[in-house]
Amino acid sequence: MPPAHPFDDDKLKEECGIFGVLGTKDAANFVALGLHALQHRGQEAGGIVAHHPDHGFNSARRFGYVRDTFTSQDVMETLPGSLAIGHVRYSTAGSKGQTAIRDVQPFFGEFAMGGAAIAHNGNITNADALRRELIERGSIFQSSSDSECIIHLMARSLQRNIPERMEDALRRVEGAFSVVAMTRTKLIGVRDALGVRPLVLGKLDTGYVLSSETCALDIIGAEFVREIEAGEMVVITDQGVDSRFPFRPQKSRFCIFEHVYFSRPDSILGGRSVYETRENIGRELAKEAPVDADLVCPVPDSGTPAAIGYSLESGIPYAMGIIRNQYMGRTFIEPTEQIRNMGVRLKLNVNRALIRDKRVILVDDSVVRGTTSRKIKEMILDAGAAEVHFRIASPPTAWPCFYGVDTPQREKLLAATMSEEEMREHLGVDSLKFISLDGLYRAVGEGNGRDASSPQYCDACFSGEYPVEPADMIEKGFEMKAAE
Amino acid sequence: MPPAHPFDDDKLKEECGIFGVLGTKDAANFVALGLHALQHRGQEAGGIVAHHPDHGFNSARRFGYVRDTFTSQDVMETLPGSLAIGHVRYSTAGSKGQTAIRDVQPFFGEFAMGGAAIAHNGNITNADALRRELIERGSIFQSSSDSECIIHLMARSLQRNIPERMEDALRRVEGAFSVVAMTRTKLIGVRDALGVRPLVLGKLDTGYVLSSETCALDIIGAEFVREIEAGEMVVITDQGVDSRFPFRPQKSRFCIFEHVYFSRPDSILGGRSVYETRENIGRELAKEAPVDADLVCPVPDSGTPAAIGYSLESGIPYAMGIIRNQYMGRTFIEPTEQIRNMGVRLKLNVNRALIRDKRVILVDDSVVRGTTSRKIKEMILDAGAAEVHFRIASPPTAWPCFYGVDTPQREKLLAATMSEEEMREHLGVDSLKFISLDGLYRAVGEGNGRDASSPQYCDACFSGEYPVEPADMIEKGFEMKAAE
Amino acid sequence: MPPAHPFDDDKLKEECGIFGVLGTKDAANFVALGLHALQHRGQEAGGIVAHHPDHGFNSARRFGYVRDTFTSQDVMETLPGSLAIGHVRYSTAGSKGQTAIRDVQPFFGEFAMGGAAIAHNGNITNADALRRELIERGSIFQSSSDSECIIHLMARSLQRNIPERMEDALRRVEGAFSVVAMTRTKLIGVRDALGVRPLVLGKLDTGYVLSSETCALDIIGAEFVREIEAGEMVVITDQGVDSRFPFRPQKSRFCIFEHVYFSRPDSILGGRSVYETRENIGRELAKEAPVDADLVCPVPDSGTPAAIGYSLESGIPYAMGIIRNQYMGRTFIEPTEQIRNMGVRLKLNVNRALIRDKRVILVDDSVVRGTTSRKIKEMILDAGAAEVHFRIASPPTAWPCFYGVDTPQREKLLAATMSEEEMREHLGVDSLKFISLDGLYRAVGEGNGRDASSPQYCDACFSGEYPVEPADMIEKGFEMKAAE
Amino acid sequence: MPPAHPFDDDKLKEECGIFGVLGTKDAANFVALGLHALQHRGQEAGGIVAHHPDHGFNSARRFGYVRDTFTSQDVMETLPGSLAIGHVRYSTAGSKGQTAIRDVQPFFGEFAMGGAAIAHNGNITNADALRRELIERGSIFQSSSDSECIIHLMARSLQRNIPERMEDALRRVEGAFSVVAMTRTKLIGVRDALGVRPLVLGKLDTGYVLSSETCALDIIGAEFVREIEAGEMVVITDQGVDSRFPFRPQKSRFCIFEHVYFSRPDSILGGRSVYETRENIGRELAKEAPVDADLVCPVPDSGTPAAIGYSLESGIPYAMGIIRNQYMGRTFIEPTEQIRNMGVRLKLNVNRALIRDKRVILVDDSVVRGTTSRKIKEMILDAGAAEVHFRIASPPTAWPCFYGVDTPQREKLLAATMSEEEMREHLGVDSLKFISLDGLYRAVGEGNGRDASSPQYCDACFSGEYPVEPADMIEKGFEMKAAE
């Protein structure tokens, strides 16, 4: 399986995409298309559960891309019915590649009043404690996934109906989550009280859709209705959409990194295309950190919109100085006569004739470990560039995320251990500038920047201010930022 | 296997890439990397032949991408030696997907004085007649590939040595070809007398490289030396490069479509990056066919450099109005409730929030059948664009290519049956303009445009003027353009 | 996957083989060998769980033959440790080929005091009721297998330690079972109170073995110690073997069909080789049902020992009149010009030159549906045999088994609907004789035959006398034999 | 792929089976069935070529068993037509497992007057010289198979029609061969002048069949017509069978080892079933080499008929003292704590309870290297046998075969370096006796034994008297037996 992004190993990675459809024939086929459109949120594996009145619940789980696994007649025929949900996932760093197929969601449970399946995007910060408690009471876990706690909590709830059992279960769960679930007749969507992870509602001619992002509504021709609100649960049946707010109300804290990198540029967040927001970030960056140069080049592909914005604001011509190989590979056998930076060459090539003797501004979305930034700089200099200036479309990433994003341990984050000038020296570039946290807030539409006393977004990866205490991680020794 | 380009089925397709290395350990590993960099020239299958003094000639042929087939230790270990050549190929429309693995090059032949392998990019226009003649004399063909004629002609040559046998054979061959070949000790490169298909020479610390394009030199860190000249044969040994000109001298006629679409933008042709040439095409197009609009958007990915050029020349902002799905699929099962233009949606999505109410210039590299152009226009209008203007970075494609490019039959080419205005109506856009043939020549560096009495390039697909008569096709009924 | 026996579809089928090893390095490798030797007890799938102090519990489950699935270094390296158990299974008719990999045993559960894995041979006759009760209490089942009840019952037991929890669980279970289980330090074996299914204890230089049959001790060079007794539980640790009898004592009722067909001829049951018992059955049959003939031929391979016995007793020469194809196939595409009895021809061929004009006695182990018996008779007559006499090494199979054997529904059993003479006519043979139930008892060593008031074996498939009431089946409408 | 016979590595191996059908729809399906029945003659790979007037020649070549490769609709649909031939092959020791798919027959050649395909069983003893000559003249070989010479000789023949070209070609070929070939309208069968390898003619309702053995006629319900004679060529069309004798007449020398081991026991050779001949061999052996013992046991499966014959003649009871595992494996990972003779245990087990304290006669078909004979003896003694007597159903194998059988080099043949008594000591048995060459001739029906001045069979592997001089091997240094 080829990598999805040239520097997957040096990026924060969204861990999941979720999707559900009620009220149309062949619901699983729609779900397959929706998951294909959400593939950037999780490339390792995918699963679909569908329900048909005559054939009950059926599920399929597969490793690999949706386009390779949920496209055969053989597989899709086993998933009949007008109600289906699905999930794509990325393995977390912690699991050491040992993901078993039984860890692939949606999870299914047979309860006394009927079955239910759930798909979860996010991370439960008290999962260890919940798991211990459930095992003590006699539950048997079939996976190593934290998300399985939810289905066991539901199985043991004293409530009679599944939506109420789910409310009951989710009230015990701490952390960030968006959930899509289904019973024999209902499609259910929930976002945690802070609304950290996204979830949107769409409408087909004869049915409803829940999706992590709007780009997956487009692929099936569904109309975008609205975002599910923070703390909201929607229970959708043939009769329509019923909305509830089962959690204690809080000010919402949506993940600001969805704007920077996770979401697809053609998705709509907060009424504006993600592409435009990223172009705005580029413009802000050009204002905050101008530099005299000949060309503005993106680090493909995620740096592209911000580089366009930087070019438009600064007037410096935009150019594709780095070309991405459309057939990226990961695993070629290196000849004994060593090739410098072979790993990067498999994915990118510098446009040598274009770059030679030019002063180049490179725009990237973020710096995580910094390893690939160094290699790109070397390739650009090898090609004869006169100067290299890095401009980064996010503030320094100095803290790990515990809400459903795969981040290295804090020590591995370049910005956790170095100042900006130290990073510049480490990367060996002529200048290095990150957008400010306030600049980022302005770019996403908060004209006055960040409200330090009550931030409008979750920005823990930049600020170290965690809106939900990561209980399991603290138990394992993680030290939170000292209060100031 | 996913498609390489979102509209493979509506593009002209280069049919082959070739690569060879002499004089370095693990030559086959270098060849695998080179073929990976040339994958855009042929995605269906690939082959490598290597020679080692102790283990003789060994070969491997595989369907699929190089990154998936020539990356395992198991395969590469079977290809030892410091001399190797390789080939990637695209199946031609005519073969109806029945390509057998024995059709995959390089071809190998055991001659009385030792073995030789050859890999061929191009098309032999008198192959049918040659094949009949050879069978009559007792040759047994192992493939349905025209290229196999070369090896049988070599087997029957009266010359003693392999390079001379190859000269002998290629003098009987009509058409366009670049060839990379090897014996136990020699690496051989040849271009036909017109030099229609590309071939370049590179240098490693301890050896030499032949490649279809310079981008494949970059991936292995080889230095670009020069292009092989039209009509030249180079015979490379440990002692260096020997050059000959075995064919009757003619004015060269390089394929101009390599500049427009086939070659990778980071390759260098005629001393300039292909990217810059395409940006130039966009600038020429902006001068020839200006229009008042809000945004210039490329049809991804091949329209991107021309769109940037158009934007730079016109001052209209460049934007990514169409987003390509990084995980393109081809084969999803369509739900019974039909999705409009599902085929296109699997590959592209319109940036709806950006496009709404805007006058949009769409820049594409070429129009072949026109089927996808129509669908893209529909998606853009569905998203609420106010106006759609198509600008095409090549002249109307009105004639098939017989020199190693997969083109539809003449009747299927939109420009063969419609005027520009008819095409505009057919596509349903507000305006449609192609770059002029002279404009294209200027963009590739011919300041005075095309020399009509003796054109500098092969442009038969646009002009219908074929530099080599397609004998087999004429026998099958193809009618050439009437002399004026 | 080729069929294991030429007439798998017309035989009763044992559903499971179980095996466990404690106290030797690479225990999983021993288990793989043991399961290979038990493959005749279940061909569909296999699983192994191993425990290593540093690496915890690891498991692998695979469809297909052990020789194909548990022989690669890749798989076996994931199963380190000196304690391991394994299971091979056959899918039951009822599951319609929909077996999921999660239905493949051993099952694993994480309890508050540590994990345990169990492998089960047999059938739980009150599984439906147990499952309903457990779901009502909040257990979530991961498989459709009845055996999973045991692990949930254990999870909910109030006992502190795993062996006691297992006793607790198995006291709730009705039916026939042999179980091999493991904790981090213990290997546990249990047989139900009637001892219906087999289980034996073996000894390695440095450890202990539990196995369904002795033939699997031979393959690893283990010494046969003794059979586990009916109703016994053995708990094996580094310290040795501890024996308990947790169930209410009853007279044992071992499955008599293990002697007739299920067990391998080189296994030892009750101190005698199964081969000899089957030869005895043939001798008894020759005494009970003599006939004048030229040749005694087995239906290969399972009829062979009884045919040899018949020949030795009767003095009629033994010959291989039917030859089994060593490369049996199941799925050839039949030419439109139809071939008579093609299904049988793929597996067997008649030794035409040998059979012609001979009076032939055919010895088979059993008649289930009778479909293949008819086809074999036709082939023999086509080959020109003068007479065909069937002799069957078991009494008429007139009742289904509910204790872990795959049998057709009662209506499909030939002997359930026809008298012996009707069967003879239906099969179209010159004579047909089954061994008597008393004769069978004598052959297995009960000199006085069957004790009708208190039978020494479970012979429900012949007699309709079920030692354990099949509760779930009765609920589903099965009618037991009326008391006389 | 599991081994076909427990001791493949210590047996002589037939290298090919051939089969052809003309005059019935779906001829390729019949060929697939025929090859399945001939699988014992070659397990490594198979190929089928079919011809249909509308679709021309089509072929499929596959590694693995016919039951796994030529049973899918996908493959068989590509082979339409009423004329087809096929081939199964075993790789020879010399090829070191490097067989490429292009070495798999039938071979196909396009000639000026149309195509032809041929399948060859045997070995060309002057292939090296022929190959050198053909390459010198400009032929290009596509395989490393000697059989390919035939098709190149045919391509260069001056004759006009294919049957005459084949006569022309085969007159240049030395060695032993049976050939099945086809043109667009003809099915052709040939045996060399000595008739070393078998070939028979069969009849379907609407067509004809050629096959290596009669057992493959039985599977498709074809009637056995007659053996093709030594030196005969049959050319079969819709009009019937035309017979010719293109070679210089000689006394036939059929391979006597076909009776001993290669052919299936249910095939008919010389009017008698192979099974009966082998039973006769056992009877002869009992007369020549009697011994006082308790049991006669075959080494399964090939020793079975001779063991039955020995028992019938001697009156000593026949018993299955060694049980073959129906699911033979080759590649289990051996635990570090070593298991004695694990290789043999994977395939066989001794019936310990039966063997203990008995004097056992073991009957095997041949002794090649003797390695497995030693291991079987050890297992029998480990099981407590009182005495072990080996009786071998063929004379000592002291010379390699050069006529299409895979034999070790002469030095590796036990009988080439030891006397019978030395072999007995080496194997460590109480007695060892081989049938005499005269005895073997009597068993196959030559009442007066072998005619030393003009032997009736090819028995070079026993006698060292080669009916055709092995020219290539002599060139490579093989020394023939000195004339006496």
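So that you can tell them apart, the chains are marked A, B, C and D in the order they are listed, and the count of residues begins at 1 in each.
Note that contacts are C-beta pairs under 8 Å (C-beta built on N, C-alpha and C of every residue); 3 or more make two chains touch, one makes a residue touch a chain.
For reference, the UniProt names are A, B, C, D = Amidophosphoribosyltransferase.
Nothing here was measured: the structure is a model prediction, and the numbers come from that model.
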Reference chain B; chain at largest CA-centroid distance: C
Distance between chain centroids, defined by C-alpha means - chain B, chain C (Å): 63
Approximate Å spacing (C-alpha centroids) for the pair chain A, chain B: 37
Inter-chain centre distance, chain B versus chain D - centres from mean C-alpha coordinates, in Å: 51
Numbers and ranges of chain B residues touching at least 2 other chains: none
Every chain pair meeting the contact rule: A-B, A-C, B-D, C-D
Residue ranges of chain A touching chain B (in the complex, touch as defined): 2, 4-5, 24-26, 29-30, 32-33, 36-37, 39-40, 43, 65-68, 70-71, 73, 76, 204-206, 215, 218-221, 264-266, 268, 271-273, 275-276, 279, 301, 304-305, 308, 312, 317-320, 323, 325-337, 339-340, 342, 345-346, 349-354
In the complex with chain C, residue positions of chain A that touch it: 101-102, 109-112, 135-142, 151-152, 155-156
